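Note sheet for the following structure.
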């Protein structure tokens, strides 16, 4: 297996833009009451999901978290189904059962318990290794999730058994409202190295840089070198969920100036950029429109989680 | 506060010998059926408890684990009460409730859930720091306990808040029957350093060397430098609990040759050594004898764990 | 005053009253003040005793136990009750046992506060009523807030006047609900039994003797109040409602008093049906009353809590469900 | 053949039958074969599919879920049932929900085996009967072994023929007990209902119609068998004993059949009394039967399990306690 070159600039741009516009629409529509529950948007972090998942191959597994829309769209999930899921429609990814943070489709798994899915990711890697499928597990988590003990139990076993999993740590510098210096002692990369897991690290929102780092790491994982970690220092532009932003607006502004989309747009002919913009906006509008016209989830569709009869 | 010199050689020897002879007697007496439950002996690791706890001051807190007899005796716990506890007597440390691994007396706390007490230790350190008592918490754990996630949650908070706790990691190279290479990825010291906790480390059974390392670390803890870790590579000579030894006898023999007691005995006049031996043997015999003559725990002593009435 | 204000005010009062009160939790610093704002203002007023923590539920409960062991009165906030399972070992094997294991030499004055419940579309991992898995833990007290009387004083008793560990349940939908002070309600006759953690008995003011006894706690007590009125006015079914604040261990004294007249018991809870709180209530009452009790439980369906409104509404009990069950029992 | 041999044999058979069966646990490699030896020989026979793990209960259950998600049939051994609380989040929020959350698109063929129970003086953190806290988890099946019939086939069904997560309870004291094969017992009349996870009904052979129905699972079913005989021969009290292997969700069909005649129910369990398994059994039966049931529970005292023999014996139910409770109900 060799290092492949990244997808073309426009594709990368389009994918990031799809996430951006989708999320903007989610935030803008929230007050209209079309959604159930809450949401956590990915705006500002798009280069991570798109750069990393550009390396995923059919059959690879993605384990995501509460902030999963970006991962899901980059994985190839349906924008319409995601919108419908947020709106509690029968056509949602899980028929309205899971909502924003509990998305399961093909080999994509997201969940609202921070850290709780990390051992699942490692277990899936163990299964794939045992079955010799050559599949790689991508496990996304945030800086705050490094507070959860089960993450370390998982890192230990992933390393001990040399399992095919790439840990993608998105450090957006906050856990909800808590800045990293109030929740994390020491260095993020050391948390992986303490388990002898090699780390690649970057302070970047450049999707191509992310892709390259990810691809190097994924090749190692896929060729049996064992787990790798990718620590991506990034930033989210939006609030943690909806209205709960307590950060210094100056700080947000500073990071907004190094926008991953702008950076990638600069690599593209402006007219082409515009065209992509229009196409994506149309796609987002249509996805939302269609979802809104879909029927609400039907209580008759509910099933028991277990067959009760012996 | 200055570094104090270690206790005199005979005192150190006597303390280690008290543990050794107590534990030998425990193992030897088990088949006679005088005990309830099981036990985990400390034979071979005596230098750790004695060397480390020689640094403890009145009011300091000791958090121990399933293998607690050595810690308890070095802390100053009553040998008779410990023997009585193992025998389920009313005079036992906890009146026969806790047994071998659940020992609570003064500021000493032991428990049978691996790792579960580590956050308690850190919480106690937080309390002592808040109350400005100058007390230090000694938290003992084994190599296998590094498998438990809550340990890392605890290390993170201890470090974040610069709490007065000394983590004493006794690496006896096994978790029950599992050799360390099958349960631990990477280096033990890195597990602490990943949380920016300074580590002192030694491959030694020399009680004076242990004391010196511990004293240096404790001084740092006590003077507000925050948590420290001491990684002591050691070995247990006995089985994990009673009959369950699956290790290579050659390996056990190798480590038996660097016996902490022998090492310390070499520093002492042989006649004095003999006298100490006799005294300790008498002490152990008397402790057991007295305990065996004590009444069994009385069911009428049982109390509810909670007052049920509102 | 609403429940949120009462709880927040109580926390302020406790921290003012005793310097030994400490508060730990995730994202609890001002201006955020916790995901549900119960901690609002605390970190500004008591910066040294209000500690925002990493995302480590087991760890912070464990730390709270350690602090309590050393004599502090500790409040730990778990952001969503769904995460309490992460601290199960700390609660069951440490907090609840340490006093007993030490022959009462150590005590654990720890209050673990957490919001439970659905109704907001938060989905399967943020809408649960998981306290049922922590009922009947020897050594653990479980309290649940309602709007009745004074939830602030309930919390205060828990923090300042109890030396044993407490799981303190706050239903998310209660926060914005107005309190029903004991003496001011004209719609219900309200009787109170017990001081620290009272049990309340309500009936529709001026109603004839009850033929049914309903018992509910937390937010379901709210719904049961509504059901009580509609049962009386629309269906001429008259019921007693017994609302405990301490749901485990459960004191069935007042319930038995009411049942002595009605012999009919309906329990209502938001947790899933099987092995819920109501099971123990029924069991106790049957044991006590012998072969004359008719009983029924209203609870959530035995499945996770879905996000989509129509689904969530189907899974979680509502006023209609309570009324229907009550009517079935009477007919 | 004893229970240990049956379970060990079943594991061997499962691993031989399907290459998709994997086994994870702490200290399970030969020659040790696990703390209670249930895994003996497995690692020698199937070195690639038997994985000894670090001391990480949450982690290994989580890994098991992940493996199961990818189509393997996974058995995870938790060394002592007391440690299951460490995996509570993995069980409640992951294993039990994933199928439902995916609209049945994924399945979790996972068996978490663990020994529970006291009687060996292991003390407060190694003697508990904690399964009560995992009953009524939507999406989780809880099974419990007895000596009756074939515990090996129970385990085999769980591992190979069930695609949902299972908590599989083995009482420590059962391992060395001899099996009571269905057809060979002359002391009891034995009736079996259900295939995969049967419910059994026993009565003393040749006894007159029962006046009492006892239900118990696990090791307590053993004690209840002894009590049944002594009640019959010493006190002329004749009882039916209903023994489920699936304790949650609980199928009360056979129990109701028996109660239709006796109207008297005694539940027996080793877990602590309040909010135990018996509560749900009683509640269900009362709901079904209406005002004619007399009921009582025998269970452990509501306190931790002490180490010292005389104390432990006082806390945990014994045959005498069952007999006494039964006689009280009849008199």
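Of note:
In order of appearance the chains are A, B, C and D, and numbering begins at 1 in each one.
Throughout what follows, a contact is a pair of C-beta atoms (placed from the backbone, for glycine too) under 8 Å apart; a residue touches a chain by one contact, two chains touch by 3 or more.
Remember, predicted model here, so these are calculated numbers, not experimental data.
Common neighbours of chain A and chain D under the contact definition above: B, C. For the pair chain A and chain B, the distance between mean C-alpha positions equals 45 Å. Spacing of chain B relative to chain C, judged by their CA centroids, is 41 angstrom.
If you average the Cα atoms of chain A and of chain C, the two centres end up 36 Å apart. Residues of chain C found to touch two or more other chains are 53-54, 56, 58-59, 82-83, 86, 89, 93, 96-97, 100-101, 124-125, 138-139, 249, 301-304.
Touching of two or more other chains is recorded for residues 95, 97-98, 102, 111, 113, 146-150, 153, 156-157, 160, 182-184, 303-305 of chain B.
Taken pairwise by the contact criterion, the protein chains are fully connected, each one touching every other.
Put simply, chain A touches chain B in their complex at residues 146-153, 155-157, 159-160, 182-187, 190-191, 193-197. Here chain B touches chain D in the complex through residues 35-38, 85, 88-89, 92, 95-102, 111-115, 144-149, 175-178, 182-184, 244, 246, 296-299, 301-305, going by the rule given at the top.
Across the complex, chain A is touched by residues 26-27, 29, 31-32, 35, 52-59, 82-83, 86, 120-126, 301-304, 306-315 of chain C. By the touch rule above, chain A contacts chain D in their complex via residues 61, 94-95, 97-98, 102, 104, 109, 111, 113, 116-128, 130-131, 149-150, 153-154, 156-157, 160-161, 303-310. Touching chain B in their complex are the following residues of chain C: 22, 48-49, 51, 53-54, 56, 58-72, 89-90, 93-94, 96-106, 138-141, 164, 194-199, 245-246, 249, 251.
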